[in-house]
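You will see subunit A twice below: alongside subunit B first, and alongside subunit C after that.
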Partner chain A sequence: MTMAQAVTTTPRWLLESQVGLCSCGRNGLRRKTGFVEKTITGSTGLVRTVLRSDDIAASSGLMQSIDERIKLISIVLMLVAVSFVRHASLLLAAYAVTLVFAHLSQIPLRFFVKRVWLFIPIFTGIVVLPATLNVITDGRIVVPLGTVFGHRLGITSQGLQAAALIVSRVALSISLVVLLTLTTAWSRLLSALRSLFVPRIFIVILGMAYRYIFQLLDVTDEMYVARKARTVKADRASASGRRFVAATAGSLFGKSNELAQEVHQAMVARCWRGNARTLASRRISMRDVLWFGGCVFVALVVLVIDRSLGG
Partner chain B sequence: MHIPDGYLSPQTCAALYVAATPFWLAAGRRVRKVVTSRYVPLVSIGATYCFLIMMFNVPVPDGTTAHAVGGVLIACMLGPWAAVIAVSTALLIQALLFGDGGVLAFGANSFNMAIVMPLTGYAVYRAVAGNSSLVSRRRAIAAGIGGYVGLNLSALFAAVEFGLQPGLFHRADGTPLYSPFYISQTIPTMMISHLLIAGVVEFALTAGVVAYLQRANLPLMRINHPGFGADTGDREVPHRVGWKRPAMVLSVMALATPLGLLAPGSAFGEAAPNDLNLAKYHLDAVPDGLRHYAGFFHNALFDGYGFKNDAHPAIGYVVSAAAGSALIALAFMLWIGLRRVARRRKSQRVRHMAEVLA
Partner chain C sequence: MADEVFGVEHVSYSYLGRIMALDDVSLTINRGETVAFVGANGSGKSTMLKVLDGLVYPDSGQVRAFDQLMTEQSLEDDQMIEMFRSRVGFIFQNSDAQVFSPTVREEVAFGPLNMGLDSSEVSRRVDDVLNMLDLSTLSARAPYQLSGGQKKRVAIASVLVMNPEVLLFDEPTAGLDPRSQRWLVELIVELARSGKTIVIATHDLETLPILANRCVVFGEDHRIAADGPTVAILDDVELLRSVNLIHDHVHRHDGTWHVHEHEPDHHF
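Here is the complex of A and B:
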């Protein structure tokens, strides 16, 4: 049993995909999932991610012990530094450092890497792929691909560098944000937003919005599961499907409004006068100061190396 | 359309944070003014709703699915300013919790999807819906068109933001540092996909939800449309008397006053005591009281409706008429203004009392 599993408070079976949610048809043949299954899978995936994040944030790793305000400011500082870096090699080296921090913060590496790289090939990779061609990014052709309508077509060195730069920067930026959010409880992260001059009322709104996501997600799930339960054949008809989605969204709005009214009454009953309060922050320790100093140092070193590499 | 960190330069991100801030502040102030203490739960749960709407898979004809943003839908339900805060909150939760959309790019994402989309989409909705009934088909289609236009404008802004990067930020050898596509490439790519697919999905969801609420839960539509009747959904006739028609009639009458100059003779009862034809009234002398009070008001601004010595009686008449009308209008406006201030103070007092009692 790994260290990460030892501190898990959510039952393991709840964090794994169930066979029942497999989109296999009869005869075990794989078929395209419909919108109903996709939404149900999406919502269970969301709950699973949140449960796992909560477990990791509650464990005792390196980053969990840092004050949330210091952690938030230092991660934003790193994000800014990363956005100024002009060399993919440096970004990849910095990515390796985030893996070390993830390990020290008891984040399962497989989960951490999967969470970042699962989406990057789909969204960023495909988007920047055409940019490697000389028709988009002009430059020295390194991989000729023949001629099209009399024009030379090929992958340019500049295009490859640009693609590598953007993919590595996106990966590193997401990793930094994931490091922050996986090691900080949501309520603590919200109170830390005060240090970035976010108004208190907005923090209360964020906290409430997050809290009711799960209640309304449950309501949505019930509607979709009911639809799935009474559908024998795969739901392919897009027009009736759209009508169902619109009706579900409309009905969800009604339930959300009822909930808002009830919550308001409950708040007024507890003397709510519009004054927002957030969690009191802890006292900043020596460890936090050291962490912040280290982050500033690393950010400066990265920027100095980047400038010395030229380009 | 959630832009991750890394696609936009830090300078662009900072500029879009600065651009979005006044809208956030204005939205906060306006929403709080309208719904007072209900503001926090209403906007919070609006944000939750927006977050969930973005998770809904909407089936499209080729068998796949797409997501809608729902910014204009929330603007139609809760008002455009509440939508600005609700969509921004949903985007921040997505960025922090799921890494969907960047943290540095949050300003850009909010500007595109939480500001441009609901504000422009709602304006289109109001323009197309006009004064139509709350249950009319036109209103549902107007909401759909608002969603379509709002999403496409939002995509256009994102395309411009992407397209500006390679020209502004590149290495000496031409390697783009951020998004590598030029504006001539980003606009067609983004716009074709949004005009043909994403915009249609947004139209279908926005119009579909409004149509559903029209037939299933009309009171919900009335949250943001308070001036519509409870039974028919038609716009109610305002109780207060309109000021435009009387003002028009009065203006025509005022413009027609110089016609009096063309009339022969003098106005009845306006002659000075010395000019009176005493025989006509069977009198021997001017009564003492009339003689005493005739010269009572000598300090008028336009004594005798004319300039000194009646050099230009017609001009004097017109000028004094205009000045008199203007003075009366000013006094009237002052009275209305004072009444409005008094009424507002009273309602504030009542609201305060209600809150204290609650």
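Here is the complex of A and C:
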């Protein structure tokens, strides 16, 4: 018996070279991207977006220099004010101001606008569409749509005004929130929640959940790449894709459970006894006070103008 | 007894009551010792570290730490747990499990904050440790933005900031590039020289003579196969082979391991 035989049981075929299953070269048939690959690519896109947001939050723009607690409270204040405004024109004017602030905070305008307007037509648009019809909002029909059961159906000018008001309010609210989230690192935003009396333990759990999302995305990505690396034949059946998703979900559940136990041990090993403690926050500066005062002033001015416009 | 840090007597432990990890293990670790637990995968060395750190409790047998009996009940006592956790630090093999906070700075501050130190002291210690481990520029980074070596450094910083007198390392050099491995070995040697008690679970035989004076060998039967000076253990090729730490083609001459290649005509 040779030395190799003594320590391994390698089958003979594994030590012989093997010609590929089909000849090298292309046959012109292309495989379409399946839903699994699209989802995994989407998760990579999410990480890319988060990294870009982190870069913006770390830059030295106007809003980045404001204390996160002051910024959070002032944005909440502005959101409350926006909900009381009844004129779409005023809301659009305020929206233009958010664009200026985005520019001063070194947020690429295209990125900012896209982030706000991408979902509005999908979600708000569908919700407000029926409100433009005369069956919901009575008024002067400006776009007749025909007759249903002997009744005229059309889009009314009052309905359009109501829809414009809702869409502009949503757009402005989202813009304010996006301004806040893009100019504040997620970890700081979480710690700022303390100023809104959110319990510490809730903030700690949120922070850990956010931290481990990336870990689990990595694991998912690795599992998919491992499967892809061993996929020789083009697999067009979505059933195998579904099986893979189910297996991945099960495996991820097991891994996250294991990780959770280890994280808990790591916390216990460093004196964790169930009381969340966080680092002391920065001191409020004069710039923060001026920012807050400015926000209160702008909110009041917007509300006064709105009342003076009547309606 | 005065110099004893850990006393382990007839400890057995099994996962889920069926997967044996430790079987009738007894050992003593004294103050200032550098001890390595070596053994093949699954031999129980990592579990032994967790038992020593009071993270899992033995099914039978007993563990003493600093002359105090360690049980689930005793580690629920406020004074006991405060004393124990501030004196013993554990560096996990999986840095991803240990680095759980949103940023590096918060991670390093976690231990001292939970020890109840005031915030100015916590900030001072965090700054010092970040500087020492060359992590200052990464302090605002999220864990997913760190490399494996950087995560390991953060994990070590998060324990060193508590200034424990005993450090438990689980596979410290696993998965690190050669430069990070060297850095870590030098750090452990420096910590050992400063008088800290170091216990390392490893199967990295190359760095063993540098890292530990004493070696506890765990067999695949989850029992202690040998306990003695590192050099003597490493010279006992029969022992290392019997616990599956080396195979027939590895030999040690003059303190260095040699791997003997197969001759092509030896195959089949």
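By definition in this document, the second predicted complex is superposed on the first by the 249 of 311 C-alpha atoms of A that agree within 3 Å, B and C clash if a C-alpha of one lies under 4 Å from a C-alpha of the other, contacts with A are read in each partner's own complex, and residues count from 1 in each chain.
The working rule: a residue touches a chain if its C-beta (ideal position, glycine included) is under 8 Å from a C-beta of that chain, and two chains touch if they have at least 3 such contacts.
The structure displayed is predicted, hence computed values, not measured ones.
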Clash-or-fit label for the pair subunit B, subunit C on subunit A: clash
Which superposed partner A:187 touches (first subunit B, second subunit C, both, neither): second
Touching partner for A:270 - first (subunit B), second (subunit C), both, neither: second
Subunit B versus subunit C as contact partner of A:53, first or second or both or neither: first
Subunit B versus subunit C as contact partner of A:242, first or second or both or neither: first
Subunit B versus subunit C as contact partner of A:44, first or second or both or neither: neither
Partner chain(s) touched by A:177 [first = subunit B, second = subunit C, both, neither]: first
First (subunit B), second (subunit C), both or neither touched by A:128: first
Which of subunit B and subunit C A:259 touches, first, second, both or neither: both
Which of subunit B and subunit C A:208 touches, first, second, both or neither: both
Subunit B/subunit C common contact set on subunit A: 186, 207-208, 210, 212, 259, 263, 267-268, 272-273
Of all residues in subunit C, those that touch subunit A in their complex: 50, 53, 55, 81-82, 85-86, 88-90, 92, 94, 96-98, 100-103, 105-106, 109-111, 113-115, 119, 122-123, 140, 142-145, 158-159, 162, 247-249, 262, 266-268
Residue ranges of subunit A in contact with subunit B within the complex: 32, 34-35, 38-39, 42-43, 46, 49-50, 53, 76, 79-80, 82-84, 86, 115-116, 119, 123-124, 128, 131, 136-139, 158-159, 161-163, 165-166, 169-170, 172-174, 177-178, 180-181, 186, 189, 199, 201-202, 204-210, 212-213, 216-217, 220, 235-236, 238, 241-243, 245-254, 256-257, 259-261, 263-264, 267-268, 272-274, 276, 311
Touching residues (chain side subunit A, partner subunit C) in the complex: 2-7, 12, 15, 47, 51, 54, 58, 185-187, 190, 207-208, 210-212, 214-215, 218, 259, 262-263, 265-273, 275, 277-280
Parts of subunit B lying in touch with subunit A, wherever the complex brings them together: 4-7, 9-10, 13, 28, 32, 36-49, 51-53, 55-61, 63-65, 70, 73, 77, 85, 89-90, 92-93, 95-99, 102-104, 166, 171-182, 185, 204-205, 207-209, 211-213, 216-217, 220, 223, 355, 358
